[in-house]
Amino acid sequence: MSMPFGLDDYEQYARNNPFMYYNHIELCSVSPERSVVKLTLAEESRNLHGTVHGGLIYAMADCVAGITARAEGRDYVTQSAHMNFLGNVKDGDVFSDATVVKRGRRQVILHVRVYTAGEKLLADGVVDMFAAE
Amino acid sequence: MSMPFGLDDYEQYARNNPFMYYNHIELCSVSPERSVVKLTLAEESRNLHGTVHGGLIYAMADCVAGITARAEGRDYVTQSAHMNFLGNVKDGDVFSDATVVKRGRRQVILHVRVYTAGEKLLADGVVDMFAAE
Amino acid sequence: MSMPFGLDDYEQYARNNPFMYYNHIELCSVSPERSVVKLTLAEESRNLHGTVHGGLIYAMADCVAGITARAEGRDYVTQSAHMNFLGNVKDGDVFSDATVVKRGRRQVILHVRVYTAGEKLLADGVVDMFAAE
Amino acid sequence: MSMPFGLDDYEQYARNNPFMYYNHIELCSVSPERSVVKLTLAEESRNLHGTVHGGLIYAMADCVAGITARAEGRDYVTQSAHMNFLGNVKDGDVFSDATVVKRGRRQVILHVRVYTAGEKLLADGVVDMFAAE
C-alpha cells in the first residue's frame, strides 16, 4: 500500500472513520494537492427544510481537508475552519474538494468547496490543519 | 404551543430535523437569548482517532445557533460560520450552547461553544444566521 | 465617467477614502470580477518586527473587496471577514486582489489575497459584503 | 521593567510599532488575561462613508490580541482572524479589548471586540496567535 493512513483503500478508510461512513461520505480521489469526497444524499442527510444539513456540508469539507493534508504522510487535526453557505439542494449527489493554499512546516491551509454534480456551489471556505505529533 | 417551529416539543423538533436526530443531537433548553443541545456520543460519532468527529462538533454548534435564532419567531439559515477546535474526548456527553452577540433586523450573530459535562472546551466559534423570507 | 463611485479616477477614489490614502494604498485595476490594489511600503506600514502590520494587510484586502463589490454599481459594507496570515516582508511593493466567489441579490462573497511582486503569498482570506440601502 | 516587550511603557511600545502609532492606536491596559487599546479618531481614520475604516477596526483588534498574547512573555504572530462588523461611528473614541479563550502550548485564541465609549459594539471576532520561535 503506497498511501499513508490506508488512503489507497477508499472503502476501508471510510469504515475506519465511523461518522463519515454512517453519514454516507465516501472518497472519490486522493492526493496531497487535491482530494474529492462524495455524499450520497439520504433522508438522514436533511435539515428541517428538507435540504442538506449545514453540519453535514461542513463535515464533508472537514473530511476532504483532512484526507488531503494526510495524503502527504503525517497525521493532522483541524485547528480552525471558516465556511460560507451559498446554496442548497434536496436531491442528487453532493461533492466536496480541498486544494492546498499553503503547506507549511506543521500547518496546512486548504481551500474547500461543496458543490453538486451540476457544479452549483453550496459552500466555500477554508480549513486550517495542524500536524499532530 | 407557545414557541415557534414546535420548539416547545424537543423530541418532535429533533425528529423533524433528520440529520440532527440520526446523529443523536437533542435539545436541552431553548430561548431567543441562549439555547443548549446535547450529543449522546455513540460509535458513529467518532473520527479515525476515536474522538468526536469535527463535522459533528460543528453540526452541534450549527443546530443550537439555528434553534436560538428561530426561537424569536422567524426562520433562519446559516450564512457563515467560523470555529476553533480546541480539544476533544472519547466518551461522555457533549454539549453546545449559543448566545446572541447581536440580533439585527435580518441577521443574528451567535457565539457558539462545544464542551463536555466537566466544562472542558472542545470548540469555540461564531455563526452568522440570516432570516429566510 | 463610466464607473460608479468615481472608480474611474483612481487617485480621486483613494483621496475620498482617507484611511486608504493616508496608509499608501492605491488602486491598480478595477472591475466587478477582479480588482487589484497596491501598498507602497513606508516606515509607518510596519509592526514591531519591521514587517507589514497585520492590520494593514487586512486593510488592503478590505479595500480591494469593497472596490470590486462596488464596481457593479451599488454601495457595499463589510459584513464579516476571515484571513489567514501566511508570510511577511520588510521591503518592496505589496499587492492585494479580490475575486468574486458569489454575487447574490444583496451579498457578495469575495476571495482575497495579499502578495508581493514576486508572488509570495502573505495572506489569503474571504470577505462577505452586504449591499447598503 | 516587569513586563515583556516593554509593555510597561505604553508610549514606547506604540512608538516601536510604527503602524499602530501612525494610526493613533494607544495602549490603555495590559495583562495576559485581558488588554485594552484606544483609537483617537482622526480624519485619516475614516472610510468613504466618513466612519471608521474597517481596516482600522480590524487593526485595533489585531494590536490588542498581540499585546495580550505577548504579555505572558513570549513573542506571537497572528495566524488567522475572523471578524464580524456590526456597527460604526463618525466621532468619539473607539476601544478594543482582547480576552483569552484558550492559551495552549504554542497557540493563544483570543476573543476580540471593538466598541465605543458608550459600549456600542462595532466589531466582534476571534484572533488565533502562534508563538514565534
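We call the chains A, B, C and D, going by the order they appear; numbering starts again at 1 in every chain.
Keep this in mind: a contact is a pair of C-beta atoms (placed from the backbone, for glycine too) under 8 Å apart; a residue touches a chain by one contact, two chains touch by 3 or more.
For clarity, every value in this text was computed on a predicted model and none was experimentally measured.
Taking CA centroids for every chain, report which one is farthest away from subunit C.
That would be chain B.
So which has more C-beta pairs touching, C-D or A-C?
Answer by contact count: C-D.
So the centre of each chain is just the mean of its C-alpha atoms; given that, what is the distance between subunit B and subunit C in Å?
Centre-to-centre distance between subunit B and subunit C: 34 Å.
Calculate how many whole Å lie between the centre of subunit A and the centre of subunit C, each centre taken as the average of the chain's C-alpha atoms.
One centre to the other, that is 30 Å.
From the mean C-alpha coordinate of subunit C to that of subunit D, what's the distance rounded to whole Å?
Each chain reduced to its C-alpha mean, subunit C and subunit D end up 20 Å apart.
Show the residues in subunit B shared as contacts by 2 or more other chains, in ascending order.
Within subunit B, the residues that touch at least two other chains are 79-80, 82, 84, 128.
Per the contact definition, I'd like the list of subunit C residues that touch subunit A in the complex.
82, 84, 86, 101-102, 104, 109, 121, 124-126, 128
Which residues of subunit B touch subunit A once you look at their complex with the stated criterion?
Its residues touching subunit A are 5, 13, 16-23, 43-49, 53-56, 58-60, 62-63, 66, 77-85.
Within the complex, which stretch of subunit D touches subunit A?
79-80, 82, 107, 128
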